[in-house]
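What follows is chain A paired twice: with chain B in the first complex and chain C in the second.
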Partner chain A sequence: MSRQMFYAVAIWLACAVPASATMAYVSNEKSNTVSVIDTDSWTVTRTIKVGQRPRGIEFTHDGKSVLVAVGDDDTIEVIDVAKQEVVDTLPSGPDPELFVQDAAGKLLYVANENDNTVTIIDIARRGRLGEVQVGVEPEGMAISPDGKILINTSETTNMAHFIDTATRQIVANVLVDARPRFAEFKRDNSELWVSAEIGGTVTVIDPVKREATGKISFAIPGLRREAIQPVGIGMTKDGKTAFVALGPANRVAVVDAMTHQVTKYLLVGQRVWHLAFTPDEKYLLTTNGVSNDVSVIDVAALKVIKTIQVGELPWGIAMAPP
Partner chain B sequence: MTTDVLTQKTGFTLAQYAICMNGIVWREALRFLHQRERFVSALVRPLVWLFIFAAGFRQVLGISIIPPYETYILYEVYITPGLIAMIQLFNGMQSSLSMVYDRETGNMRTLLVSPLPRWYLLFCKLLAGTAVSVLQVYAFLLVAWFWDIEPPHLGYLTVLPALLLSGLMLGALGMLISSGIQQLENFAGVMNFVIFPMFFASSALYPLWRVQEGSPMLAYLCQLNPFTHAVELIRFALYGRLNGLSLAVVGGCAVVFMVGAAIAYDPSRGIGRRGPAGGET
Partner chain C sequence: MRSRVPVAALFALLGMTGLGRAADPRYPDWPCAQAKVPEVSLAAVWAGPDLDDVANKWKDNATVSALVPRLAARRTPLDEAEKAIAEFLSDSPARKEERGKLLFAGLFETLNAQRGSVMSGLERITRKQREAADAIRAETLSMHALQDAATPDPAKIEQTGNQLLWQTRIFEDRRRVIKFVCEVPVAIDQRLFALGRIIQQGME
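Entry: the complex of A and B
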């Protein structure tokens, strides 16, 4: 083999190795950091210093940035994925907690827990476009698959607010159980699920009729009902299986999303709150706040295969888009 | 060692050794299969622990991850290797009980007057007992699988060498003890003085870090207990991993107990000196 040929093969082999594995970004509410987990080796590869009380976290649609709501700094920070550091901020209202992007990835809707508003931000211009007044302690945010309806849940008002994204007006309110924390649409827009932390339920809402059509309850043998506090919801793309994080119950419930029956409870770390799938949906990662770790669920086998230590009080989790 | 060398040294061929082993193992297996009550009780004992005892402690372990586990586990999952070792412990002692019985009814004496070396006869007996315990363990694991105790598939295979070694160790211990038992009734003492202390002062029911919190002295005793290492060897092997320390302790103890049993069963030093079973002289 000639030398040139050898180098050519070597370069080809080097290129054939994937440049980077899928990375999961975990916001650690107490240590004011974001842990980066390599989903091939299941290890924390980097810890990024961010502002105070990071909670909601999401990738931008182009995969180049990670947005993280730093509540005590009253802003959204922008982490450059290539540089692995905070490079910019977005102007939210006070105490931003969770947010969602529109389908195009241009607008960001932020729930500001302390002033009962949802702020609309133009991501590219880093500018605030407006605000929508919602209920008390807004948190959960979801956008309908067609992008026309924005959902915000308010923890104290116990409502899911339907906001028309064109007019930026609330067009409907659906009462749910106590302390709604999270909202998730099915991809075919057939159902909207809203978790209620204190109520201990997930309310299933018809997004067209805008009324509750069902309720999912949870019961774990040996656990007090008060310990079951549903928060994060993860739904597979085919809309057939859902996972619900049950907070201090230290379990993730597996729910048949067609029949709304709980089929299994998976033991994870303490006070599990938010969930994120790997892009291929082979794994689901959970943030366990009190035990300071992230558990990995094998979605096909419905088994917890690993638990990884991260920073203090892990809260939200974001997965790099495919 | 070639067949010729072996024949020259002992006067027997490998085939004759194999016939002897086959005879002893097969007799033990047949005996086990015919004693359905023994099989059922061997299975019921760990299942009672699993279904009843473990249910009460379900939430005990949800706060730490200890090797070989890579995530949080329920208590049932934790005590499964301990219950497997318990099956082998009881089986080892039961085999020793059967040897006392055999001695009383004369079967053992018939066996020991075989021209084959005594250590070999005892080893075959030990192997037979271990094979029976392995059957019991797999039956238990099958039932446990329906109770959501699902180790990795490969673990069912990798646990086999650990089961053989721990079975040999516990069987050899039973054999050693049985050499000193004069009557069948004395077996109750074995329960009180061997089985219970070995089982409870080990990592079978609670992880050692938990024991350490309660009593450092007890934790130290647990670490000295070979049964703890049998449990840990099985626990790691069930998850496809090797615990070197436990392997060394279990292997070492197996050899020591086997040599001890071979010596104890020597008529010139062991039971023969005390005369026939039942205290008769």
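Entry: the complex of A and C
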């Protein structure tokens, strides 16, 4: 082997990611990049240039692509995971922020904040299938475990809209607290949680009766109520434990998801926004917008074990499917 | 040929400063796009043990009072600060908690004070800019009067023109400085949080 060849192979080996490693993709809203984190070494292995103002970010179900909403470019970009670069775009409609895929991973539902609509996209064909008119400033998106109901939260009307995915009609509205941000179903479809950034609460909704059944509040001694702004929610697969990101309170609340009681607050980074579990649920990663880093929480120990610097204003996080 | 000061351009420049258009009506002199948060609350940066019992004691400890300004200075890289904190805490394992509390109490007080003085400086300079903008407007009008006079005085016009040039240059320089300094309170917040996190992890 020539010396050059040897070095080339050595460099390739050094850069190559072991096939078993799970990768987390973090959208950095201000630096217009996506940071790729290797969850074995907890290091950033790549920074991908994307469009303007990347926020919502998700893996496709086949794990081959990462979709990232670049709101100021009015599109969703497709990152090829193998190439680690943007290879295509989806016709998302104006100012996409958050989106969700249907149960089969074929359709994408996109909240268009400035247009009061939800755009539906066929992921494989990269084509727009239609849109649903919703409340003012749609934001949070979630799909029921059976894929039949799409939830969209509206920032101004403070509602969670229940949309029938077959008829694309709104079938119910549930009032929540001020500025709902994020919605998350329990896997057994027993509860739907909706966080309210200004209201400072998480509303628990019965998805069958389509009515609010409980409310989770947060209190941290020494912090003003308005500094506690619930945004991202992460729930374990068994539906027993939930984590709620509290924005400028710089903490993640640990919630007993059966009793709806907060059991602990973990100091993570500044302006914690969204969360994602590793596939084995051993770790939970949080994006911290002001400290420009990602915190790693050991889920069993309920301790922050690591902080990883990423780009400016980290916002969303997507974890590779197992 | 008479040189005319481009009045419209000057007024446009003054309009661009954002003076008198504060985003938050509570703080009319606050010039930054970043929201004004007058004080960092302890709970936002510290989840460790209560600091009430050490609040005023950190200055009495010679090591702590020497370490605080070094760690607080933004020219000290965070890696270096992390090493210094680890060394300081491991020096006396039995008193780790007490030492960590003293150190953070010192940093919290020092960096909050620094932040406060940067913010009041920003507001002071905004008020000065407002006065400077008024002066430039007045000077521009008198320049026009001189230029439009039936028998213009070239020496006077040149003198006023020079003065206007300098005033505008100072105004513009200050505007650039303000934009730059607006980043400082956030940089201090970030540093305080990062140092607090290192200390809390070191105390565990």
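Note that in this section the second predicted complex is superposed on the first by the 303 of 322 C-alpha atoms of A that agree within 3 Å, B and C clash if a C-alpha of one lies under 4 Å from a C-alpha of the other, contacts with A are read in each partner's own complex, and residues count from 1 in each chain.
In this text, a residue touches a chain if its C-beta (ideal position, glycine included) is under 8 Å from a C-beta of that chain, and two chains touch if they have at least 3 such contacts.
Because the structure is predicted, anything quoted here is derived from the model rather than measured.
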item	value
Room on chain A for both chain B and chain C (clash or fit)	clash
First, second, both or neither for A:224, with chain B first and chain C second	second
Partner chain(s) touched by A:306 [first = chain B, second = chain C, both, neither]	first
First (chain B), second (chain C), both or neither touched by A:125	neither
Contacts of A:291 with chain B and chain C, given as first, second, both or neither	both
First, second, both or neither for A:265, with chain B first and chain C second	second
Touching partner for A:187 - first (chain B), second (chain C), both, neither	neither
Chain B versus chain C as contact partner of A:250, first or second or both or neither	both
Touched partner set for A:49, first chain B, second chain C, both or neither	neither
Comparison of chain B and chain C by chain A residues contacted	C
Residue range of chain C overlapping chain B upon superposition on chain A, of 2-10, 20-28, 38-46 or 128-136	38-46
Where chain A meets both chain C and chain B, residue numbers	221-223, 250, 267, 269-270, 291, 304, 307
Parts of chain A lying in touch with chain C, wherever the complex brings them together	220-224, 227, 248-251, 265-267, 269-270, 290-292, 304, 307
Chain A residues within the chain B interface of the complex	221-223, 250, 267-270, 291, 295-296, 303-307
Footprint of chain A on chain C - complex, ascending	41-47, 186, 189-190, 193-194, 197, 200-201
Residues of chain B that touch chain A when the two form their complex	55, 58-59, 62-63, 65, 70-74, 150
